[in-house]
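Same chain, two partners: chain A is paired with chain B first, then with chain C.
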Partner chain A sequence: MSELVQINHLKVDLMSISGLIHAVRDINLTISSDEIHGIVGESGCGKSMTAKSILRLHDESKVEYSGEILYDGGRDILKMNKKDLLKIRGNDISMIFQDPMTTFNPLLRIGDQISEALLIHQKISKAEAKERSVEMLEKVGILPGAARYSMYPFEMSGGQLQRASIAMSLICSPRLLIADEPTTALDVTMQAQILKLMKQLQREMHSAVLIITHNFGVIAEICDKVSVMYAGQIIESGDVRKIFSAPCHPYTKDLIDSIPRSGERATKLTSIPGAPPKLNHTINGCAYAPRCKYAAEKCCCEAPEFRTLDGGHRYLCHLAHDSLTKGGATE
Partner chain B sequence: MGKFILKRIGQLILSLFIASILVFIFVRLSDTDPVAVILGGKQTSQETIQAIKEKFNLDKPLFQQYLLWIDGLFHGDLGLSFKYQTSINELIGPRILTTLGLVSASSVIALVIAIPLGIFCAVKKHTLWDRAGSIFSLILAGCPSFFVSILLILLISAVAPTYPFTGTYANFAEYCQRLFVPSLALACTMIALASRVMRSSMIDQINAPYTMTAVAKGVPQSRILFKHNMKNAVIPVIAIVSIQIGSMVVGAVLVENVFSLSGLGSFLVDSITSSDYAVVQDITIMLVFLFLVISTLADIIYAAIDPRIRLK
Partner chain C sequence: MSEPFIRVEHVKKYFDAGNKKCVKALDDVSLEVYRGEILGIVGESGCGKSTLGRCIMRLTEITDGKIIMDGKDIFSLSKKEMKEMRRKSQMVFQNPYSSFNPKHTIGRSLTDVAKLFGMTNAEAKEDISNLLGLISLDESVLSRRPGELSGGQLQRLAIARALITKPVFILADEPVSALDVSVQAQILNLIFDLKQQFDQTMMFISHDLPVVEHICDRIVVMYLGAIMEMGSVDDIFSDTRHPYTKALIASKPRSSPDEPVPEVELKGDLPNAMEMPEGCRFHTRCPHCIPGKCDAAAPLLKEVSPGHFCACYLRQKEKTSESLPVQNGFEVKDIRKKETTL
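Then we have the complex of A and B:
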């Protein structure tokens, strides 16, 4: 396993009417080839901003990046010229978006939109591109591929469109697939199918996947590694199983606790009180302190530093937790 | 697609039929006696009046008059003018050529300028270029066409005094030469409207989620703009242009007057003031026909662009 994308000290500032918003504040993230990495967090925590930064999809007249995003051990995507960036987009790194109904251009045939990426990135004939697109459609379970190739987006259902958009993003066999809430707009049965399909294709094609979600269930189902984001920072990251069984950051624990469990007949759903902080000013101390059950005095004024455990598990907290599930903080 | 076109043509014929009845009835609701118009105020005998009534089919029942009118239209015979007492075909022929030439030339000029201008402003959104484009469009939209005509005449007389932009024409080259400047004047409103609509709908398309998909796929910006965005953005422009072309036919009167061209619009106005209802009903039904043809064409273009209209 080699490091495919390495994000170092990434900061993303967004110019808005209400002033500068620090949407992503200094994150470090490594995605290895062959792994499925998940980013989880509440709405507005900067997870989607981070994902889109990898392909530099933000309107650069309104967004300012700093830090670096190294691709394949060297080239910094943030400093790349337009030409090189176009070569990477769709070919080396591709993306699936949240709402399959609006992902496709409504006026062009599904198949033509899939083969467009092939025709741009590879020197092949139109007939060959079509052949490969049909194959890809069948691979993602859209049958018969040849007939579906010439359909328009409005003729397909949401689930089928999300399959088609997976086909579109994998057509050039990218080394990294970024999926930005790929199942949020789908119903639950379709969600499971799409996740299964993504996992299966990831194994077949040996590509890395970065999946963005607010749903810990999705992470548990397909990810190898997870990074938990809060207020524009990664507050805990590591192996999914470890984090699930023994979360170390209070936010991660609260997030896991708020997953409704079947079998239990709770009178009330567990939720985290309060709301994430506004991101238009600097945050002193720990961003989670105002909502944290374990908050100590220094949490509100002193920025915490990462603590590292075995197997690359690290978390951003003042308090050393053995494991929060066993109750309480030590120190 | 073939079925769609046939359906639209069927609707066009039905609408035209209904419009022809309405036009015929409304013209006859006027209390002016056609015979008086034909006589032009002269005193005459009962026999002459009878002869006139027979000549203009005014002695027949209304229903038969309607049928005779429609029958004439089908054979390309527009009937006789009350005022001039000659065939309306001869009166209208050259005027149609002028007006249609004027309207189609200004539509082409308008689209050729407005669509690139709209795209340019959308791409340069909120920059100085975009502001300049907005101001240009606002000025064009605010200037009445006759005013622009006068300005153009002044400008051309100063810059190229030998350029012939008024008078009659003998051949096609002269025809184009005479119509160019008036067409430019007539195009102003449409340039303003169409470029504004193109700009805002292009901005919508640039911000649409599918555009980000295309960017993420590695599609170069120019290809996104022209292959993905433009096709989507042009749909509302077609709507505004098809409506605008219709009103241009009548609006052309002002420009025709300034450039002393005799067109359909000025003839319609003349005929209404002189109560020449035979001409009024002919021109009105022609305008209706033109409106219908343009909106049918617009529908067919929509369907050609958008599969959701074509296939549903």
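Then we have the complex of A and C:
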């Protein structure tokens, strides 16, 4: 397993009508080939901003990057010229979104759009491209592929369309698929199908996947590694099983506890009071302090530093690593 | 149980789809909503849940059947009775941003409703202030506009607005589906409080079974315009009878990576609403479908234990603990077991 994408000290500032927004505030993240990595956190925490930075999909007149995003052990994506960047997009790294309609042109046939993606990056005949697109449609469960090839986006249900966008994103056998909330707009039944499909294809094609979600249940379902994001920072990351069994950051624990569990009836759920902070100013102390059950005086004024545990497990909090299980007290 | 506040009797709602085809959004649905209960309506998108809600709120005419609210047929009310019905039953929608006027302050949106139902300014002010306490927001939100608030705050305000008229009944159509999981919990807890404090009667529509498990007393599982299973929360979760209900329960993401992967899996998409499958409408996706039986005639919705109804050939006999036989091109475990369950 090698490091496919390595993000070092990434910061993303965004010029918006309401002023400068520090959407990503110094994150480090490594995605290895052959793993499913999840980024989880509430809306507005900078997950999409991070994901889009990997492909530099922002309007670059409004965004300022610093830090580096190293691809495949060397080249910095943030410094690449347009030509090299376009070569990587779609071919090496591809992306799908919450609304599959953003992937497709509503006026063109689904199949033609998938073939086109292939023809841009590979020197093959049109007939060959069509054949491979039909194969790919069948692979994602759109059957029979040959008949569905000529359907238009509006003729498909949301779940089918998301499958089709997966087919399109995987047609060039990318080394990394970035999926930004791919199941958030779908029913639970469709969500279960899509997650299963993504996992199966990832294992078959040996590609890496970066999946973004606000739901820890999705992380439990398919991820190997997870990074938890809050207010533009990664506040905990590590192996999924470790993080579920012994979360060290209170935010991670609160997010896990807010998933409705079966078997619990007529009980109150754990909810997180308030909302994540606005990112248009600098944050003093720990960003989670105003909502944190364990916050002490120190947390409000002094920014915590990363602590590292076994197996690459890291977290950003003043609490000792076993505090959440013991009841919690800052050192 | 107390007398029902709403009685839906054999309601059909067909939409004309052109080409002599129609969508049977509701196909002979009968159910009751009792006073003081939260009734959950679950099923995938397109099953007719919102249509059922819209019929009950009289936002659309029905094709056939009857809806009785508080003893009166809602489709033959006088103007005055109609206004009273509008007061007594309120709605909360999925997207809180589209249910508030973006140009008005929250205070104005709430006072408008109060005035519409004849409250004085002073009464409205006091009521609104009490409601803000209930939803744990402070008075400063009244001068804000929807765009300045988070989805969770706005959805709590939508619930507060529904409560202004002191309704007997609240219909909540997917009130948490557009929200983050962390915020979803806030809304569910608020609804739970309404139930504990005021015995609020509610219908809660959702596509997510584990969500309704937390707050509902009874649950109706719908598929393609018809009821598949209906019963108390215990009936639905601890004595699940219908293969569709099982599949819905199994599709929830696991709450930890160490939880076992459920065996049941719902394959495929909802069939096209204009081409309703013959026989049991679930048979095209059902892992237990018995060829020649399930695809020939529809099973009736039968009472399998007191208050627990199920429309499936397999599960209408007494409760069996062994697993169901699997057919339909899947593995067939033991044919003899099938005969005993049938």
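FYI, the second predicted complex is superposed on the first by the 321 of 331 C-alpha atoms of A that agree within 3 Å, B and C clash if a C-alpha of one lies under 4 Å from a C-alpha of the other, contacts with A are read in each partner's own complex, and residues count from 1 in each chain.
Going forward, a residue touches a chain if its C-beta (ideal position, glycine included) is under 8 Å from a C-beta of that chain, and two chains touch if they have at least 3 such contacts.
Please read these numbers as outputs of a predicted model, since none were measured by experiment.
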item	value
Touching partner for A:M168 - first (chain B), second (chain C), both, neither	first
Touched partner set for A:F104, first chain B, second chain C, both or neither	first
Partner chain in contact with A:S43 - chain B first, chain C second, else both or neither	second
Partner chain in contact with A:T189 - chain B first, chain C second, else both or neither	second
Touched chain A residues, chain B compared with chain C	C
Touching partner for A:I88 - first (chain B), second (chain C), both, neither	first
Chain B versus chain C as contact partner of A:F216, first or second or both or neither	second
Touched partner set for A:I120, first chain B, second chain C, both or neither	first
Footprint overlap on chain A, comparing chain B with chain C	none
Complex contacts: residues of chain C adjacent to chain A	44-45, 150-153, 180-186, 188-189, 192, 207-211, 213-215, 233, 237, 247-259, 265-267, 269-270
Touch list for chain B against partner chain A, complex	208-210, 212-220, 228, 231-232, 305-308, 311
In the complex with chain C, residue positions of chain A that touch it	42-43, 157-160, 187-193, 195-196, 214-218, 220-221, 223, 240-241, 244-245, 254-256, 258-273, 275
Chain A residues touching chain B - in the complex, by the definition given at the top	55, 57, 86-91, 94-95, 97, 99, 102-108, 116-117, 120-121, 152, 154-155, 165, 168-169
